[in-house]
Amino acid sequence: MKKVNNIAVLTSGGDAPGMNAAVRAVVRTGIYHQLNVYGVMYGYRGMLKNEILPMESKSVANIIQRGGTILKTARCKEFYEPAGRKKAYENLKKHNIDGLVVIGGDGSFKGAQKFSEEFDIPCIGLPGTIDKDIAGTDFTIGFDTAVNTAIEAIDKIRDTADAHDRLFIIEVMGRDAGYIALHSGIATGAEHIMMPEHKSDVDDIIADLQANERRRKLVNLIVVAEGHETGGANGVAEMIKHQLPNADTRVCILGHIQRGGSPTCQDRILASRMGYAAVNALLEGTHNVMVGIVNDRIHYTPLDHACKAKQEMDPEWVKMCKILAS
Amino acid sequence: MKKVNNIAVLTSGGDAPGMNAAVRAVVRTGIYHQLNVYGVMYGYRGMLKNEILPMESKSVANIIQRGGTILKTARCKEFYEPAGRKKAYENLKKHNIDGLVVIGGDGSFKGAQKFSEEFDIPCIGLPGTIDKDIAGTDFTIGFDTAVNTAIEAIDKIRDTADAHDRLFIIEVMGRDAGYIALHSGIATGAEHIMMPEHKSDVDDIIADLQANERRRKLVNLIVVAEGHETGGANGVAEMIKHQLPNADTRVCILGHIQRGGSPTCQDRILASRMGYAAVNALLEGTHNVMVGIVNDRIHYTPLDHACKAKQEMDPEWVKMCKILAS
Amino acid sequence: MKKVNNIAVLTSGGDAPGMNAAVRAVVRTGIYHQLNVYGVMYGYRGMLKNEILPMESKSVANIIQRGGTILKTARCKEFYEPAGRKKAYENLKKHNIDGLVVIGGDGSFKGAQKFSEEFDIPCIGLPGTIDKDIAGTDFTIGFDTAVNTAIEAIDKIRDTADAHDRLFIIEVMGRDAGYIALHSGIATGAEHIMMPEHKSDVDDIIADLQANERRRKLVNLIVVAEGHETGGANGVAEMIKHQLPNADTRVCILGHIQRGGSPTCQDRILASRMGYAAVNALLEGTHNVMVGIVNDRIHYTPLDHACKAKQEMDPEWVKMCKILAS
Amino acid sequence: MKKVNNIAVLTSGGDAPGMNAAVRAVVRTGIYHQLNVYGVMYGYRGMLKNEILPMESKSVANIIQRGGTILKTARCKEFYEPAGRKKAYENLKKHNIDGLVVIGGDGSFKGAQKFSEEFDIPCIGLPGTIDKDIAGTDFTIGFDTAVNTAIEAIDKIRDTADAHDRLFIIEVMGRDAGYIALHSGIATGAEHIMMPEHKSDVDDIIADLQANERRRKLVNLIVVAEGHETGGANGVAEMIKHQLPNADTRVCILGHIQRGGSPTCQDRILASRMGYAAVNALLEGTHNVMVGIVNDRIHYTPLDHACKAKQEMDPEWVKMCKILAS
């Protein structure tokens, strides 16, 4: 087993709260094991442009509680071309880097997988995305913060919905995954939750709104995932207005607030454990895996299996959600 | 001076955080002075429909910290017709109500003014609106909470803007008033603030963004009031994209989260003082005024002057804002 | 299997954020299954005093986001006497109650266990305690909220510690369990974490503080569990001051803020799932168990095994914590 | 009038949220006017030790929302000796500093006053203290954040107080000033507020608690300022326990959380305006004044008058507070 001496860490793709906690863990665990640790700025783009900086313990002081990523992030098409990866490799070699930790989503893992196949630099992936849609882990860094940000926002919206007896259609993030919608919807007692993974019949929702109106339940919240086939909150609003022209309806798109903010306790611990495990994996010669958490234990998944998960929603949750909001 | 014995309180128009604190103050100050206090549900609509309930001290326990309004609110066109007001008057008389406290905005005050001209029920207005656009008061109930909600959201957006070196265009509420935009923009260090009261030359903004790009300042926040002539954040985004097609731009519309949430310390105290003063005004025979705060003292303005304020923005603030964000 | 028709729910012992979400889930799941649901006020005391009220779906509207418990809670010595339990039973029988859901900690479960042994009323326990020290479940209702409240407070303290280069000794709750200390300590990057379950050598801590001083790391946070053998934060402070008389040291006891506040997303969902499962368990004839969550699945533990857990702290976590804070 | 070319800024005494926003405003306004701006680390101590660093616009990027102070703060006895001030002066002269902005409390202003009398360096003071006890200004930087932190904490405590029908005695900061107690007490509906400026008869409080008990109002919050003659919350608790031995009483000392955290909108704007005005004052030749805000306008007070204020509490507020909490 080849010894690792110099490692680099980067954040890639959409940022997620907790990425800084993961970077901190990688840097400090590396330094503890007497490795030289480098930070690559702007994800893969920084590898191509040789924006690679040495990190000390102090470089990551006082960041565990910060949203965003001190290493910044970017998307980089060039890295998905062989020539780009070669250039990246050459830059890493200039610093004698022999291990790489990539914090990002499934797209970033695909890049890392390709890169590690072509060059002799082992890569470890850490799932950093608010969407929680990665196979091989129960949680991703940023998800818990994003859902808590969403519920704080929805709680505020319920205050005004309740004051006015209004119907609100609230769009949350998650791309084509419904986890943020499902969790934030249950936690706020939303009357309806529309997830991409679960066919919602808008006619049923309208029938239900009409039934609620008859029993004078006029405050209704619909939480819809941005990737829902109807086109998100605006699409749903249009369909409802068409059939219930007198409904007092408002649309809120929570947007990028879900990507920022100080990470929750769970995200900070998750990120710390994953960053710590990533360095240990490199030291033990475990290569080209994603570090996940399964049943509260560290779990390694080969990078090429750590793709976007097509998890089914538990039908019991969907049933529960309907019963509890009634 | 006619003695007041039975008073009613209602919330009208758009809800604002702190309305509950004001209701609590009216109820408890009334009870302290041995008045009977009634709550009217759904604003003027409840006067027309006789949804008028007796309030006790306990009715308003544990609400000072709650967003929304326990009395609910609504808009009511019928009240702006003489027949509607007559019906409302008759319902108040059924409960022997001889004083009315209306918590709302300038539209609600116009209604109250008309009503008190036609009938012998003195009305006191309390400025409850997040927009802070009422003449005769330095602050309105809800404004401080709304701007704090806005800055928490914008701080989160800056996290992700900073991670990606992105331009964000953020729309805040305020209808045709720019106070929320101005205050939240300064407090978050926004690079540009676009208020309806102040002509912004989009060409200047674009020139500035280009200058920033040249000096590698790529993170830029533009805070725009919903009532800005460009059509809010989406309008601004379109103009920018047209001239800077390569800019990595995102739009966030903060929306109704600005209307909800637990009120800040300042809004709770403001609402408490105003509610307390409103009852004292009724007892002292001061009629048909709005209770305001000017230079931290209670100030009464005749209801017909308590219209929407056309306050000018202090040019020094605008200059400061530009200097500090540079 | 005897059919259940009328069930009651109560909260007992120390309150925990999320109890309201659990009450809501019990009430609405019960109503969905056409049961009559009663709320018992003030825990077992309300059973003795016959403070038992019928609950409707509306009784639990708009409470999922509230801290505290609408059913209130109390400790009740009388219930731990046979005569007390007999009186309680007779009161339940007046309402024909044939199933009971008890939300509380291990002390409350012991009472429920005794009660169900003596009388023919099946009891289901839900673990509601911020301490997370109950066997048979990975999480308890309120723990996640409490640690997030703790880290928000500690983040604030770090601001001022950092401004002054000070040592802070921060006491968190948890009685004789160290989970809150461990989780909040890791999540805030505390330099030392003192848990009752894990022997901390104060001499080692002092040696470490001295080493940090030599390398000019003057900001240090020590998070200590209230049940630590040294007597909590004040005890630790005294020992440190004795040996490092010049240290600029401050003590903060976070106290009861950890018991209140709006529950986190995780606590709301946990409580909802548990309340939902409790009613299903009663309907299925599963008696005298505690509903827990193990590996994200509902798990039943006989009430007499759902005692205080003597869980060992994972030594890997303790090691990680030291490495990451360095 | 001597032209100013090189200015320095420091934070001194206890830190307060918003100090960073003030530093940012001084730095950027100075740079805008083509001054060289220096940051002095650790208050006056940094002047003595020549810890004086040049500041750029970027040095203060992304700090407006941060608690604490990037310049750090300390107390420095040596500066209160003539020899210490001489040394400080010599260090400033090494950098040709000809203007100084001191952000701190009345103690820091006394130092600045002495210094400016002895040497030809004009000083401008900015009131940075959570205690709001400085003459010549309506608000101090940090007060609004501190009271909002206090009310969030007290709201959480009310949740658990309400669940248990308990009496809580809550100690807030403010040294010998009662502003934090008064504002946070009103805003949380505290049943009693004990301020150093206002004699509270503990016998009256106890009589009131007994009266409340008779009418079954068992949840009571007492907010007491740390500088109250009874010795703060612990002192009050002892007196109450002595006379009401059966009361279920808890003490919470909110402590240093009140000094940290992200500043509120008001504190950020206040600090920005004051920092901006401080540099303008130096440029205009206004010397040895404190910048205050009176009736929302910038107001200058000679430094030797900017001492601790002995403001009287408005008796109307005290009366209102009692009426509203009843």
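By letter and in written order, the chains are A, B, C and D; residue numbering begins at 1 in each of them.
Just so we're on the same page, a contact is a pair of C-beta atoms (placed from the backbone, for glycine too) under 8 Å apart; a residue touches a chain by one contact, two chains touch by 3 or more.
Everything quoted here is computed from the prediction, not taken from an experiment.
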Distance-maximising chain from subunit A - centres being C-alpha averages: D
Subunit A and subunit B, separation of their C-alpha mean positions in angstrom: 35
Gap in Å, rounded to a whole number, between the CA centres of subunit D and subunit B: 28
Euclidean distance of C-alpha centroids - subunit B vs subunit C, Å: 39
Residues of subunit A engaged with two or more neighbouring chains: 155, 158, 162
Chain contact graph, described as a line, ring, star, complete graph or other shape: ring
Touching residues (chain side subunit A, partner subunit B) in the complex: 11, 15, 17, 19, 66-69, 72-74, 149, 153, 155-165, 168, 250-257, 259-261
Subunit B residues within the subunit D interface of the complex: 24-25, 28-29, 31-32, 57, 62, 64-65, 138, 144, 147-148, 150-152, 155, 158, 162, 183-184, 186-189, 262, 264-266, 268-269, 272-273, 276, 295-296, 320, 323-324, 326
